[in-house]
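So, here's a batch of structures to check.
Each of the two complexes below includes subunit A, the first together with subunit B, the second together with subunit C.
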Partner chain A sequence: MMRTYLPILAIVGLIAAIPFAVTSNTALNFVVFVLIIALGAQGWNLLGGVGGQFSFGHAAFFGTGAYVSAILQVRYGLNAWIAMAAGILLGAAVAWGIGFLSFRAGLRGSYFALVTLAFAEVLRILANAVPITGGAAGLLLKLDIGVLNLQFASRAAFLWLALGCVAAGLVLCRWIMDSRFGAQLVAVRENEDAARALGVDVLAVKLKAITVSGALTAAAGCLYLQYFLYLDANIAYGVWISIEVLLAAMVGGRGLVLGPLVGAFTLHGLGDLTKQFAGGIPGIDLAAYGTVLILVVAFAPGGVLGLLTRLWTRRAAAQPAGGRA
Partner chain B sequence: MLDVQDITMRFGGLVAVSGASLSVPKGAIVGLIGPNGAGKTTLFTIIAGFQAPSAGRVAFGGQDITGKPAHIRARLGIARTFQIVQPFAGLNVRENIAVGAYLRHARRADAHARAEEVARRVGLGVDLDKPAASLTVAGRKRLELARALATEPLLLLLDEVLAGLNPSEIRDIIPVIQAIRDDGVTILMIEHVMQAVMNLCSHVHVLARGRMIAQGAPRDVCADPAVIEAYLGKGAAGRIEAGEASDA
Partner chain C sequence: MYSLPIVLEATLNGLLTGAIYALVALGLTLVYGVLHIINFAHGAFLTAAMFAVWMAVTFLGVDPYVAIPFLTIVFFAIGYGAQRFVIGPASHGDDGNILLVTLGLSIVIENILLAVFRADTRTITTDYAFEVVEIGPLLISQARLYGFLAAVVVSGLLWGLLTRTDTGKAIRAVAKEKLGASLVGIDVRHIYAVTFGLGCATLAVAACLLMPIFYVNPRVGQAFVLVAFTIVVLGGMGSIPGALAGGLFIGVVESLTGLFFGDSLGQIGIFIIFILVLLLRPSGLFGARA
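Presenting the complex of A and B:
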């Protein structure tokens, strides 16, 4: 049983060691940002990858986490840790609400994707308009370094914090995948009618999935806030984050526990490389994203991890024959 | 154990099932036969809770379950197979069956152990690690059966689990169904393969154009002129009798 957690331990250990090998601020910034995306993508992956309910509006959860945390700190002077916990809870609650409305109405596939997008857009427009969010000016978190304030002088410390959240998310997802709930969620993805015939309460399973999914992505929103100390509606509820988390999960290997983390590193690694080689052209990294996505969809539906596993098993299968030759 | 009373099902203008009733006593294997398009599968989906009937009621173990959703009926002990098989195509055989087993076993180890046990029972023991999508027609039918069985049902609804199988595969699976009944599971089966109906069923209901036209012991039902006409067309029974008379 513990064996299934070994890959998580290995990859988390590897990332934890990065600050010892690399000290450049740019590199550490890169890793922190990727970890935040990876955490958000883990949320997407649970609902979209494992459960087969493709959301195009995870910004709704990311933004709610970030805004709730920011508002509680800026307007009510609440402790950052408690504010973050509240942000995660509210993100989960919003997810449950959106899930209740859309799943109960029987929305699936592209209809579900469009409705989630619509919810996120409505929240974006609201956040831009109401005073409590600071409107178009946004919200600035006061720079006040201290563990209690979830602000760190060293980038390495924040990296470890983000990594801790990612690791917790990975363990949670692994545990879910090995549980009854995980099996039922996969069954719902594969065939809802067959799942119902076997006693699976499809609506309840989807609601549970979107709630946990919302919590994970909201946590990413809270981390984003603590790292950049600034929010506005286009950051918090913008389509960019919905796309980021979806892409990371798809590229890494949807439905696989480590998929989002691998995908986030692959995407942003490639994006940054392209920027370095063709930095002059604005938006070139986005073009790279698009290319990667097309390649994945066309040639590696299981994502990078799926591709690696396939190559590995093929090599393992080819080895005995090669030995004889 | 199961009481279906005056079920009517309309799809727009089409009346697929019209005032159909049947009952299944505990411990029996009851057959439901009838020509193509008679409404047999429709009646099954109503019993299993996948569609709400336009009229009529379904009672199970003395309890009215007409308004209950499918997953609750599964918990109460009704399991169905699908005429058009519905495997979880991306999962292997063990995982497919385990989804059923999780209904009564919360822990993964227990659910998987149960799944393996059921797989062996229906002859899928060697295929446990195969992707469901790679199974043959016969294998997929067995998988339907195994998944339903893994929910540990009181009543098993089998919708043409023998269709598409060759005679030797049918011979293999008939004792499996018998053994399931001997373990105390009540069975209601839709079947076109008459050899199996004759072998397995103690009682048969005949549905034609949505109406129950006959019921009784399999041998008697097959000789019923109304049943012969439903299958072969109006006047067929008379022609057959005349033919037999002139042969003599």
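Presenting the complex of A and C:
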């Protein structure tokens, strides 16, 4: 039983040790940002990777989490922890709402991708126009260091906070995938009609998946806010975040618990490398992301993790049987 | 509150813009009708075509309307190649994969354009950009009128191609029954690529018509493609007359919501229609197939 959680423990322990080995602010910023993306991508992975429902609009959840948390803190002076909890809750609620409307209408495949994209865009335009979100000027969170305000003087402390959230997400996903609900979700991905014929309540399973998915991605939005202390509609509800979380999950290995985390590190590591080689040319790192996505779909449907597992088993098989007694 | 001529003019302007929207949607709906996938790279191809027009005008001094035949051929070839050598092989025939590969392609194209042309917004200048035609009390931009006429002509040509030629017959056969088509000797991969090429060719025409009245930057395609998705869904996925009617309708809706609610909320009307149609009637208002 404990063994299934060992890989999670190992990788989380490894990342937790980073601040002891590296002190450069750039490096720590990099890790924190990657962790935030990884958390959002875990949300996408549960719905898209495990459940097979490709959303192109996870920005709707990311943005709702971030905005709710920001509005409660800036406009109503609420405590940051409570605001974050409310952000996650509302993110989950929005996800349930979008899921209820689109799954009940029977949308899947391209249609589902399109409708999620449209919902995110509607929210983006609204957030850009209504006064409570600060409109196009955005919302600035007051710099006020303190654990109660979820703001830390050291980047290492925030890294551990983000890592704690990622770890909780990983454990949750692992637990879900080993549960009955997880099995039903995979069944829905593999063949919806067959799953229904076997007595799986397809609508309920999808709704549960999108709600948890929304909560995870909303949590990432809240963390983003606490770290950067600024939001506007194009950040919170922008297409970029929908694509970031999709890419990380796909590249790491769709449907695998550790996929989003591995994917986020791979992508952003690669993006930074490309940027260093290509100098200041804008967009070159994103062009690399797109290329990687196509290559992954074409040659490594299991993503980086799938590829590694394949190499590993091949090496293990190549070793003589007596050598591993 | 609003006088009749203003509303009429907004409606007419909406119709004219809508025709160009329809042209963008035409390529999308054609590809959907045959390949049964949504081409997320459609907007990126449009941006690329618009930059091609910009370069032709700026560096070669060619009139955008004169560039139409040449760019149509070039973009047909680009589309054919993209489907035949990238999208087809990379997706292994799985619908979800095609969605992801075209998304990847759009990210690559957009960001290469960004790397080459930077984020600056560019325009071209033509002698006729500000010329107008008077119809009674209404003033109609000449360039928009050309765009409208060309959109109608191109749709007619496409319709003719699909209904009157052997290639068109093959395309319709593949759209209806892929396996059957390949059994009677149609090269399905070739037809897929031809269809994709045609989709890109209509974008080249749309780009030539758009440039005299619009600007180009590496992100411009995104705005159009979301509108185009709406039109395609509204008109019924895969239906050419539906795309035309849907385009005109959306053009008017955008123009009127912009007039009544201001520009920042102008686009929201489109998305709400889009969501409602998807939720309530995914086969489209004009689509016959359920």
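Keep this in mind: the second predicted complex is superposed on the first by the 320 of 325 C-alpha atoms of A that agree within 3 Å, B and C clash if a C-alpha of one lies under 4 Å from a C-alpha of the other, contacts with A are read in each partner's own complex, and residues count from 1 in each chain.
Rule of thumb we're sticking to: a residue touches a chain if its C-beta (ideal position, glycine included) is under 8 Å from a C-beta of that chain, and two chains touch if they have at least 3 such contacts.
Note that this is a predicted model, so its numbers are computed, not measured.
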For A:Glu121, is the partner it touches subunit B (first), subunit C (second), both, or none of the two (neither)? second
Now for A:Ile243: first (subunit B), second (subunit C), both, or neither, which partner does it touch? second
In the overlaid three-chain picture, which partner chain does A:Gly109 touch, first (subunit B) or second (subunit C), both, or neither? second
Where does A:Pro131 make contact in the superposed view: on subunit B (first), on subunit C (second), on both, or on neither? neither
Should A:Gln184 be classified as contacting the first partner (subunit B), the second (subunit C), both, or neither? first
Have a look and say if subunit B or subunit C is in touch with more residues of subunit A. C
After the superposition on A, what does A:Phe54 contact: first (subunit B), second (subunit C), both or neither? second
Across the two complexes, what residues of subunit A are contacted by subunit B and by subunit C? none
Touching residues on subunit B, where the partner in the complex is subunit A: 48, 50, 69-71, 74-75, 79-80, 82, 86-91, 95, 98-100, 102-103, 106-108, 111, 147-148, 150-151
Subunit B contact footprint on subunit A (complex, rising order): 178-180, 183-184, 186-187, 189-191, 193-202
What part of subunit C is in contact with subunit A in the complex they form? 37-38, 86, 89-92, 95-97, 99-101, 103-108, 110-115, 118-119, 218, 222, 226, 229-230, 233, 264-265, 267-268, 271-272, 274-275, 278-280, 282
Touching subunit C in the complex: which residues of subunit A? 52, 54, 56, 101-102, 105-107, 109-111, 113-115, 117-119, 121-122, 125-126, 128-129, 239, 243, 246, 250, 281-284, 286-287, 289-295, 297-298, 301
